[in-house]
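After this come two complexes, each holding chain A, first together with chain B and then together with chain C.
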Partner chain A sequence: MSDPILSTEDLGKTFRDFWRRPRARAVDSLSLSLEPGEVYGLLGPNGSGKSTSIKLILGLLHPDKGRIRVFGKSPRDVKVKHRIGYLPEESNLYPYLDARESLRFTAALFGIDPEEREWRITQLLEMVGLSHTGRRRIGEFSKGMARRIGLAQALINDPDLVILDEPTSGLDPLGTRQVKDIIRSLAERGKTVLLSSHLLADVEDVCDRICILYGGIVRAEGPIRELLQVANHLQLQLEDLDPEKRNQLLNLLEDMLGKRPQLEPSRKDLETFFLEVVAKAREDSGEASGTRKEGELAEFLV
Partner chain B sequence: MTAFKAILIHHLRAMLREKVALCMLLLLAGLLMLLPSSLRDDGSLDGALRLQTQYSMGLATVLVAFMTLWCSASAISADVANKRLQHILSLPLRRSILWLGRWTAVILLSSTLLFISAGVTLFRIHRSVQRYSSQKEAATLLRARHLLFPEARDYDQLAKEFIEIERLKGSVPDEVSDESLMQDALAMAQAQSTSVRGGDSLDWNFQLERPLRGILHIEATFDRSGISARQLPGSWQILDERGQERWASEEQVSGSGQVFIPVDPIPADLTQFTLRYRNLSPDPAQVLFFQPGNGVRLVQPAGSFTWNLLRATLLLCGLLALLAALGMSAGALFSLPVACYVTAMLLLLELASGTLERAVSEGSTLVGDAPNQWVERLDQLTIGTYKLLLPILQPLNIGNPLAQVAEGIWISNRLLWGSLFLRFTPLFCLLALIGILLFSRREVASQS
Partner chain C sequence: MKRGPFLSITRLTLVEIPRQPALLLLSSTLLLLMASLPFLITHSLGETGKLQRDSNLALLFLGSLLLAVPAACGALGSELRKGRIGALLSKPLSRSSFLMAKFLGVAGVLLAFQIMAIQVTIMSDRASAIEFGVGWKFIVPIFVAALLAYVVAALLNFATRRPFVSSAFWLLLLFMSCAFIYTLFLEGGGDGMIDHGGHSHVDPAGVQAIPVRWDLLIAGILLSLAALMLQALALLCALKLPTLPALSLCSGFFLLGLMSDYLLAERAEQMLWAKVLHGILPNWQHFWMADALTGGGSIPLSYLLPATFYALCWAGGILLLAMAFFERMELQA
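Right, the complex of A and B next:
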């Protein structure tokens, strides 16, 4: 088994007031280990310690106890940060910069050379559907647009570890779908993704493993398939079944089980339905203002 | 270096696009263009020069100082408040680079604005030259000079000697208190040391760091007893350590005023000498009074007014660099209002450093007697606090360089480079070190 990309051991963090008196225990005895190519979800209600854990992992907060290793080093090591892409909980970008300037600044801090930088920026803006924003300043962007720029910033260095804090917050369903697709594509390329969210559907769609936090303590942890499996409960999916065959099947099952099972028609989830409607509307009426149709995954990320 | 450059360029752009900084830039432009037009000078080049240098440039400096204060204090604290710092520090960037990059951006902008202000001031002065004065007057006024002052006289010692002599003569009445006697004796000693009767002479001793070069002038400011249109004959001499005359000149003075006497040729090897004025009037009642303090001084042309103004601007930039360092460090540790307050306090203390220094040397802030013992204790406490502050403030006390420029006094190398490298640089290093160390240890994300 390869070395973990990220590991925490018995991590603890208590927020204190001015007089160093404990105010809130945000994280308690958190032990995680993320393998390469894995999408790991941090779940929990508001105030459960998800964002604090991420800030500890990034070295923005100092743990009271425990140990964090990212790529085998301290998270405060600058070399480690070259391999991390981070999308904060709130995309507080510089409002007086335009999208390109904002990405250029981030790329410069990663030491990406100017030619490569411009190429990557073009690719990323295409990818997040903001290539048309031109000289518009970020201060004029909607929350969703700013979030997309935040995502582009998190990916500009082609990171090995991507940390996404509530990545779909403020995004429309199209954007949400795209973020999820990006996460899956990154994982397929062997990148590790740490995702924090309280939107369960998002986590369920993309994560391999999850950890549920409550009051800073891990309440459940493991592969999502195992955690969501309901014992002694099976599901049967059938397509194009005519009424006669359906009755025969029901009679057969009634004979076998001793009681008549209930049959219900399958339903699409709302996200799939929404995406279909918008795709059709796009075909009929063309692009609306705001974000445009997102492009493919940036070439340098493929 | 790439990260430093990125932070520098980014912060320059941020400051130029920030509304507060933009408002201050507009105010500065308005101040430089409109204020001199709205103020009336006295119609002379000297007046215009003082107005432009001390008022326009002085106010521009204050405005730039406030802009520096705001930009430096908000450089980090605003990013903490807006939660932008979390993102920046998740990038591969050392906090020291962030601190230094932003400080450099602040000081680059402030210095550029200050030098632009100096350029506008110079442009306006040169326009005033064309309007008001002859080329000869302009050549005199637009020339900065070194001022060489004689050694200070020990008036206390002279007063004591005077009291001793008077006591020996028996001319001191018993009912006169020692304090009052000393006050009178001091006034007498001062009068005697700055006045010369007919037939008498008065000496001033000069100790110079290096031999004199170039054209030298004696600048004497005086008054004379009585109202008389008659010329008062007198002679000036320069005597070396052995009392040998090295240069002499005769000069007639009338009324009160100022005379400039060229010393030519200058005794090139002299670093210690005595300047003597002899009142050649046969009448002892014809007394010449020199202004106490700077009644007699030597003046040596040093450089052009332009260079002098630029040197003063450079000196002010050094002070702004310190202000920016304090603002950055305070902003890295505290919220924006607190950081602004701390930095503004330094600015105010710097402006008051001369007053504090005087208060400490005089041992009291009170004029006259303390009304009661509590006031006296409070005064002692204040002086004690000033004494604690003085080691920090003394290096900041560079006087008023713009007033010096307006008076045509050369900003000496000692003041300029000494202040920049020996006073400001160590203080800057200290402030930067404390700021960066504490910032590096600071948690930048609070409980959300």
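Right, the complex of A and C next:
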């Protein structure tokens, strides 16, 4: 088994007041291990310690106890940060810069060549659907647009570990879907993604493993499929079943089981339905959605 | 050109700070006030030149303090509170490099203001060199430069959507430098003089040569060094305090530095605590050369060296303190 990309052992953090008295225990005995190419979800209600855990992992906060290793090194090691992409909970972008300037600045922090930088910026702006924003300042952007720029910033260095704190907050369903697709594509290309969210549907859609935090303590951890499995409960999916065959099947099952099972038509989830409606509306209004590579992963992210 | 993280942060600070409208307003107001002094100071019994010089140098120093604190708080303090610094430090950049880059960025913006202020000081000094009159041809270019900077910035904003405020700030530096160079070619104050009664007349002595007082440049450089010390202090304060408390604290240091000789010089010879305090407090008297310029006095160029050494040591000490503090700071993102 390969070395974990990120591991924490018995990590703890307590916030203290001016007199060093404990004020709030944000994280307690957190032990995680992220493998290459997996999407790991940190889940929990507000104040459960998700963002604090991320800040500890990034070396922005100092742990009271425990150990953190990122790529086998301390998270405060500057070299380690070359391989991390981070999207903070709040976009916190420079309001006076435009989208390109903002990305240029982030690229420069990673020392990316100007030629390579411009190529990546063009691709990322297309990927997050903001190639048309021109010289508009970020201060004039909606929250969703700022979030997209934040995501582009997190990916500009082609990171091996992507840490996303509430990546879909402020995004419309279309944007949310795109971000989820991007996360899945990143994982398919071998990137490790640590995702923090309190939006359960988002986590369920993209994560391989999750950890549920409450009061800074891990309450559940494991592969999402296993955690969501209901014991002794099976689901049967059938397509194009005519009424006669359906009755035959029900009678057969009733004979076998001793009680008549419930049969319900399959339902789409609201997100799928919404996206279908919007896609059709786009088609009808003649919007050339195909000309932009919106939602498609940038080429350099390999 | 490929830029490292250090230069990128410095550059961004240089781009970001001048985009604060308060900075443009404050620097424009100060420069125009300095330019207006030759015709605002009247009935000074032949002391116009000294009064104007003293006031302009005082405005340069005070203006640097007034600009340094909001600039430092904007560049560092508000970013800390907004959590932006946490996001930046998740990138490959050490905390000490980040702080130094911010310091250099703020210093760059202040330097731009100080260059303009020194130019205006020299120009208005020439304008007030004429007894009972004003050398308008030395002052009008200052106002024209300011007007041009605003108009061109507005046009650029209209045509290319370039941010108006920062364009105006940098254009002000460009046009003010052009105005300064233009006035260097003007020699006399005899033609085009208007006295305080508004009457136009010709200098009885004909076209009287009004030399450029390059001593003012050295006096300005010395005050800029003092401002650099205040800027380091402002950056340290910005790590924990919002703008107003930081300004109050820096102003307190500013006043203490003005009075440190008066308060502590004598005691320092007898008492250790006074000696230590006298050494720690900044002493602005080393940088205030306005009195030396009165009565045809001059400042030897060699004085710049020890003054620069003193300023750099003091600012360096404060920056080391800020770095040690920042290194241990817990950051939000």
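The criterion applied here is as follows: the second predicted complex is superposed on the first by the 292 of 302 C-alpha atoms of A that agree within 3 Å, B and C clash if a C-alpha of one lies under 4 Å from a C-alpha of the other, contacts with A are read in each partner's own complex, and residues count from 1 in each chain.
Here is the rule we use: contacts are C-beta pairs under 8 Å (C-beta built on N, C-alpha and C of every residue); 3 or more make two chains touch, one makes a residue touch a chain.
Given the structure is predicted, the values throughout are model-derived calculations rather than measurements.
J.: Superpose on chain A as described above, then tell me if chain B and chain C fit or clash.
T.: With chain A aligned, chain B runs into chain C, so clash.
J.: First (chain B), second (chain C), both or neither: which does A:Phe105 touch?
T.: both
J.: In the superposed arrangement, does A:Pro114 touch chain B (first), chain C (second), both or neither?
T.: second
J.: Classify the contacts of A:Pro261 with the two partner chains as first (chain B alone), second (chain C alone), both, or neither.
T.: The answer is neither, since A:Pro261 touches no partner chain.
J.: After superposition on the shared chain, which partner residues are touched by A:Gly222: those of chain B (first), chain C (second), both, or neither?
T.: A:Gly222: touches no partner chain.
J.: So, does A:Ala24 touch the first partner chain B, the second partner chain C, both, or neither?
T.: In the superposed model, A:Ala24 contacts chain B only, not chain C.
J.: Touch test for A:Arg135: chain B only (first), chain C only (second), both, or neither?
T.: second
J.: For the superposed three-chain arrangement, which chain B stretch in 97-105, 151-159 or 223-231 runs into chain C?
T.: Looking at 97-105, 151-159 or 223-231, the stretch of chain B that collides with chain C is 97-105.
J.: Residue by residue on chain A, keep only those touching chain B in one complex and chain C in the other, then list them.
T.: In the superposed arrangement, which is not itself an observed complex, chain A uses residues 51, 55, 58-62, 78-79, 81-82, 84, 86, 88-90, 92-94, 96-97, 105-106, 108-111 for both chain B and chain C.
J.: Would you pull the chain A residues touching chain C in the complex into a rising list?
T.: Touching chain C: residues 51, 54-55, 58-62, 78-79, 81-82, 84, 86, 88-90, 92-94, 96-97, 105-106, 108-114, 134-135, 137, 165 of chain A.
J.: In the complex, go through chain C and note every residue touching chain A.
T.: Going through chain C, the ones touching chain A are 1-5, 7-9, 11-12, 15-16, 19, 82-84, 86-94, 160-163, 166, 328, 330-333.
J.: Which residues of chain B touch chain A once you look at their complex with the stated criterion?
T.: 2-3, 5-7, 10, 13-14, 17-18, 82-84, 86-94, 443-448
J.: Spell out the part of chain A that touches chain B in their complex, as residue ranges.
T.: Contacts found on chain A: 15, 23-24, 26, 51-52, 55, 58-62, 78-79, 81-82, 84, 86, 88-90, 92-94, 96-97, 101, 105-106, 108-111, 153.
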